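The following pair of complexes shares a single chain, subunit A, combined with subunit B in the former and subunit C in the latter.
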Partner chain A sequence: MNQPVSMIPDLLQIIPEVLLAGSVCLTLLLGLFVKKNRSVLLAVVAATVFIVAGIYILTSWPHKPEEIFAGTLRVDDFSAFFRVLFLAGGLLTLFISLQKENATEYVILIQAIVLGACLLSMSMHFATVLVSLELVSLCSYILAGFAFNKPSSEGSMKYFLMGTVATACLVYGISLIYGISGTLNFSSSQFVDALMQSKSVMIAVAALLILAALLFKLAAVPFHLWAPDVYQSAPTPVVAFLSVVPKLAGLALLIKIVLAFNLFGRATVDWRMLVAGISIVSILAGNLSALAQTNPKRMLAYSSIAQAGFLLAGVATLDPTGIQAALFYAVVFLLMNLLAFTALHLFEKWKSLPAMADFAGLGRVAFIPAFALTMALVALTGLPPTAGFTAKLFLFSSLWASWSDSGSTIMLILFIAGLLNTVIALYFYLKIPYYLFLKETPPGTASIKISITGNFLLLILVIAVTWLFLNPGLLMGWINRITFVL
Partner chain B sequence: MPYLSLLIFIPVAAALATLLIPARYTRAFPWITLGVNMLQLIIFIAMTLHFSSGEGLQFAEQHAWISLSLNTWGELQAEYLVAVDGLSFPLVGLSVLIMLIATISSWNVSRSRKGYFALLLILNGAIIGSFCALDFLLFYVFFEFMLLPMYFLIGIWGGPKREYASIKFFLYTLLGSILILIVMIGLYLSVQSPERANEVVHTFNVLHMQHLENFIPGSWLDATSTGTWRLWAFALLFVGFAIKLPAVPFHTWLPDAHVEAPTAISVILAALLLKIGGYGILRFVYPVFPDGAVYFSDWVAGIGVVSIIYGALNALASKDLKRLIAYSSVSHMGFVLLGIASATTEGVAGAIYQMVSHGIISAMLFLIAGVLYDRTHDRLIENYSGLASHMKHYTAFVLIAFFASLGLPGFAGFIGEVLIFFGAFQSHSYNNLVPLWMPVVATLGLLLGAAYYLWTIQRMFFGTFAVRASYAELNDLTAREYAMLLPLAVAALLFGILPQLLLDFINPFAETFTGTWFSLGINTNP
Partner chain C sequence: MTDIDFLFYLSVLLFCCGLLIVFTKKNALLILMGIELMLNAANLNLVVFNRQQAGLDGQLFALFVILVAVCEAVVGIAIILRVYHYYKSAVPDRVSELKEENR
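Then we have the complex of A and B:
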């Protein structure tokens, strides 16, 4: 095993994570001294760390794939891509939630989840997978209860109970795999060879158990049941964060695991069929359930289940084009989901809006948040002029290409089912703009004071979502250079 | 001069500028919009002077837009490619005219004028953009871009059932555009650009899609492949545009949307948005899938005939004046399908002519309905009689519009319908695409058209004066109403008496359109 001395060069490879871990400790200490009304300072420190870490990763792009810490982690473009996404997600979340109560704990939890997600995206070894996944999960459970009221605790508890089962599945799956292959490193040739030689049904069982844990993180059917309650009851900025960072962390790992277990197409399980099936069911279940919702956050919860289905659709192709489309989709998803929740949060700061009908006529009193929310929902539907359309275009193109190449009917079904679902999705996504603009303002509605910084953040995100529509080439060009070696 | 880009983006830029003006300057917004319309009119007149008919695509502008690698799948290439030819140029002109009239008609909109005129300007750019785009992705973006402004324009400023109507409109049209999107993705992945011979460049360029040799051998939509995928693609694409047209049985969104929309928006819907359906069939469906067009020719013509008869029967039964006009649109757009299905020069030219003439006449019809609604807030035909005695000028315009719409010789509608019938009857002996009984049955539609219009005139305008609706004053036309009706009446007459004015543009296109079919050897009975 490694000598302590040789850890220094490895640590240098993950300076951003070291910074994050240091910042978690620093926040803990600062929390003791900083007064309650100065708690913004904590967020500023954390935000600075996010920015510095992000810039560090971006400047060292492109990465030569390099295994560190005895092959448990790997620094490459794929993980760098996701790490930047997670840092951006954390940064934007801090922007919208400079709260005073429990600020220390809040900032620490956010940083810890980002740290866990970053490590997860680099993991090549089931041990680091388990540790970093648990770091993300445990902190998420606490964050979900951060409204400190009964529904929030209930949501947190549900999340925790189901999450524990998911973790148990993961551990059980890992133990089976270790029994079969004798290694926990799923990128090693030993792992691939052992799985190829073994004809045991246990491989499929183990793979499915591990997959279950990841689907739980993604909130994909059939492990999505926690999402509506958590989304509805947790504070909106927390939901914004949870709907993006842990989900995409799950996606990052899922891509690696699926590619590993696919064994270059020689696996006994038909992964294409499996992932595509989950994708179709998630899209359908998410959209159909969303139709009936009246609470905006619950509606967005079901929407994010459907979006998980779309993210999975790219993975289902099992080829680089599809996965690149999924990565593009991930960026756009992060932007549009954060945009939607930020706008929602700004409205909620003014008054609580438990039903979509409460948005009646608010478009006239607060145009910019209403406009931004509409743009976010249009993007989630997948209509121009937003990047949501571009992302769907790339995604469905890759599905067609995959169908053309492989001739597997499931890809065609996914292609058509996904596109037709856009029409269903439009119906519920349009509900909020419908109330915002089409309904009359109820008499006695005071004008809303939305902070300038809030409006500014919204406009930045709107511009980002439109800019990626007008000029997707730049981002896609970067994604194109990511290789998916195992 | 980038004429087309100016036409498309001046209104979009003006819409953005409008947003910066505080909402309290309510009088500025219609003036800005009118200024944009005037500017567009000037640009269009300048283009007319430079347009040489018979030269195919002109005023082309081509810029790279999206270009990225698809790994093993080669490269994706979407361009900003706009140009006009004999098909799109008259429709662009129609758009410029109608948007101008729509602005005048919206002059007195009372609530949130800033939002209204900003959306109107965005809609303006999107409509002209869809007529000019020759890159499928660009077209699709403009096409979708129309939906959101339209949804809000109907939903916020519409009639009592506006919310239902607007969401129905949006869902139906989106379903149509999803069908188009499905085929679009399949198409661009099956087509490679001939510009770079050694590389596989998947292009959205419609002109490349129209050449069968650009299809990648072995791809799903390759013309030489034996499967039925190309027929499926034709059917999906056709239905996608038929929803927009609308053709029976995909028409049910139209009466609701038309009736609930404010007058100016009804005008735009009928005069321009429906045309995008017909335009799409002529620009995308038929040239890209000529084999499907032959295979489904009797279906296309049949749907046309059913639309003609069914639309006319519904119009006959309508009690609401606006609903009557809406159904008459369904009937008239059926003629367009019949003309296209014949795939003869006369039929295709007639279809385009019919689109332009219907654009002018239906705009007039909806304005007329709006004039009455403004005064009484009632559109039920049975509540009026003897209007001619109190509103002489109004009645004169009503008579012009009704007679023009029922296809009286001397008006634009007649030319289009006659050409379509020439084509449809000829098709039987010429290429055998349209069975002879179909145009025979379609003539019944003319008869029904005369019936519902003449009956309406008799009920509403003749007899003793009586109005069963509360109204302040039943004045005759104001100067503003004159300003919007007169140009349309003149145009309807002008294109009825001097059809060469339009046919000079349309005919060369129709000839090349059918000519390419000959060269493909599609003609079954030469």
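Then we have the complex of A and C:
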């Protein structure tokens, strides 16, 4: 410990993150000096970095689990899986639309959030958790206000105020855990031993405080109140990004933290009960509130709260099958949410559509985006022929298996609640397709011009969502090889 | 009561004060102050608990917390200024167009 240690071998393990950090600096410089075609150039540079970093991670698959930087980060298949997801999320967001105003800041913030999310999925130490979580959060608060208008500033402030309270709770929870265990490394044996021996109530308090911050990132009940306002007011490409990358970063950390605190089932808190309870309430609250919404983005906000509940349902089983189902669900969730918001954005570029009724008959004048939006909503409901169905199938079968293995009633309740909610979800998700295709087009509606890149992106996402339905084996084969040893 | 116990109860008190401020105060800047109080309660804990441990983990982590708190304050005040520019108020209760639009 006392000898100076070279950082080079450790840095070589996280080349994608080093690249991202470098490209943040490069973007800043380019933004200062390039005047012509700035937004295109910056997007191309950032997209190239995302692609190179993603390919680098994929080619070095499978990773030998290795702890770097004195045990603060760990490179393994689990983190590699999430890092590829975050990079893909960032890449697709850059393609949704070209930010003309403040292009430099926009690209920097996107890259910084992806960087933070990548580091978060590798964190094994509370210090790296705090720093990378804050990197994600602070950039998200700024991005939420990126429409630069009145409602957007309001959404940004609400997001910020609730988010910082969540962070303060996280930090206090960490300080309590440090007092009990004497270590900040939550994968170390010292941490597990100390928590096993201690009978203190403080463990439960600290764990709940830490959990609160993660549920906030996931937008799960009871920390979901920011989501509808932010989704409604922020620019649509930003919402697409915020609904995917920070949420899945929260999921990655939540899986690790819950497995660490579960202490192989010997914890004083019944984690299965707790996570399953939050999951049920999130699914119910999200879906029931979504029923009453008229604004499509607000509806998708509540829908994403319910989706967070489904992601948590996989974690609640606390066994590898359930978590693998949650990981599969995470991939599909990324694709279908980005698809829904991209299609919505292409409609919005043409005309502002604050209510679902404004979509009446637009399916006839703009078939491709209407079809893509319908596919996305069908996938979110969980119906064939989309990957949403496959993901829910894996999830429900893992819940069923968990119930028949452990016999805990909460798993059965979760199973039934999930199935029932798919029926409720049908009603509000299919409202937009109903307006799109079955209502008459208002007279005088000009046909919508959608850019080629927009159509191309929609097409790729639609193909991805159907392909995962027809052929889930390849992805599931990868996920099955991920181990969850702490 | 030992020193460490006393300081721990102090930090609990600070944290609860901070939380109370967050829930009762109307102005966004005062809420930010409450959050700072909560973060400092955690810092106190970290530094105090570090006395029982070998190494400097807790104190170093407290430095990170201070750093994060500064960044949070910068971003937060910038956002609150922007809200003030539009609404001429920094009271979240009066800044609620989004919900009304929905009704």
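Things worth noting here:
The rule is simple: the second predicted complex is superposed on the first by the 478 of 486 C-alpha atoms of A that agree within 3 Å, B and C clash if a C-alpha of one lies under 4 Å from a C-alpha of the other, contacts with A are read in each partner's own complex, and residues count from 1 in each chain.
Keep in mind that, in the parts below, a contact is a pair of C-beta atoms (placed from the backbone, for glycine too) under 8 Å apart; a residue touches a chain by one contact, two chains touch by 3 or more.
It should be emphasised that the depicted structure is a prediction, and the values quoted were computed from it without experimental measurement.
Contacts of A:T167 after superposition on the shared chain: subunit C is touched, whereas subunit B is not. Using the contact criterion defined above for the overlaid structures, shared-chain residue A:N480 touches subunit B, although it does not reach subunit C.
Once the two complexes are overlaid on the shared chain, A:T445 sits clear of subunit B and of subunit C alike. When the shared chain is aligned, subunit C comes close enough to touch A:V131, but subunit B does not.
Of the two partner chains, subunit C is the only one touched by A:Y178; subunit B is not. Contacts of A:D229 after superposition: subunit C is touched, whereas subunit B is not reached. On the side of subunit C, the complex with subunit A involves touching residues 8, 11, 15, 18, 22, 28, 31-32, 35, 38-39, 41-43, 45-46, 48-49, 52-53, 57-58, 60-61, 64-65, 68, 71-72, 75-76, 79-80, 82-83, 85-87, 92, 95-99, 101-102. Residues of subunit A touching subunit B in their complex: 319-321, 324, 364, 378, 383-385, 389, 393, 396-398, 400-401, 404, 415-416, 419-420, 422-423, 426-427, 430, 434, 437-438, 471-473, 476-477, 480.
Those residues of subunit B whose C-beta lies close enough to touch subunit A in the complex are 66-73, 76, 112, 137, 140-141, 144-145, 147-148, 151-152, 155-156, 162-163, 166-167, 170-171, 174-175, 178, 181-182, 185-186, 188-189, 219-220.
Contact residues of subunit A toward subunit C in the complex are 126-127, 130-131, 134, 138, 141-142, 145, 149-151, 153-158, 160-161, 164-165, 167-169, 171-172, 174-176, 178-179, 182-184, 228-229, 232-233, 293-295, 298.
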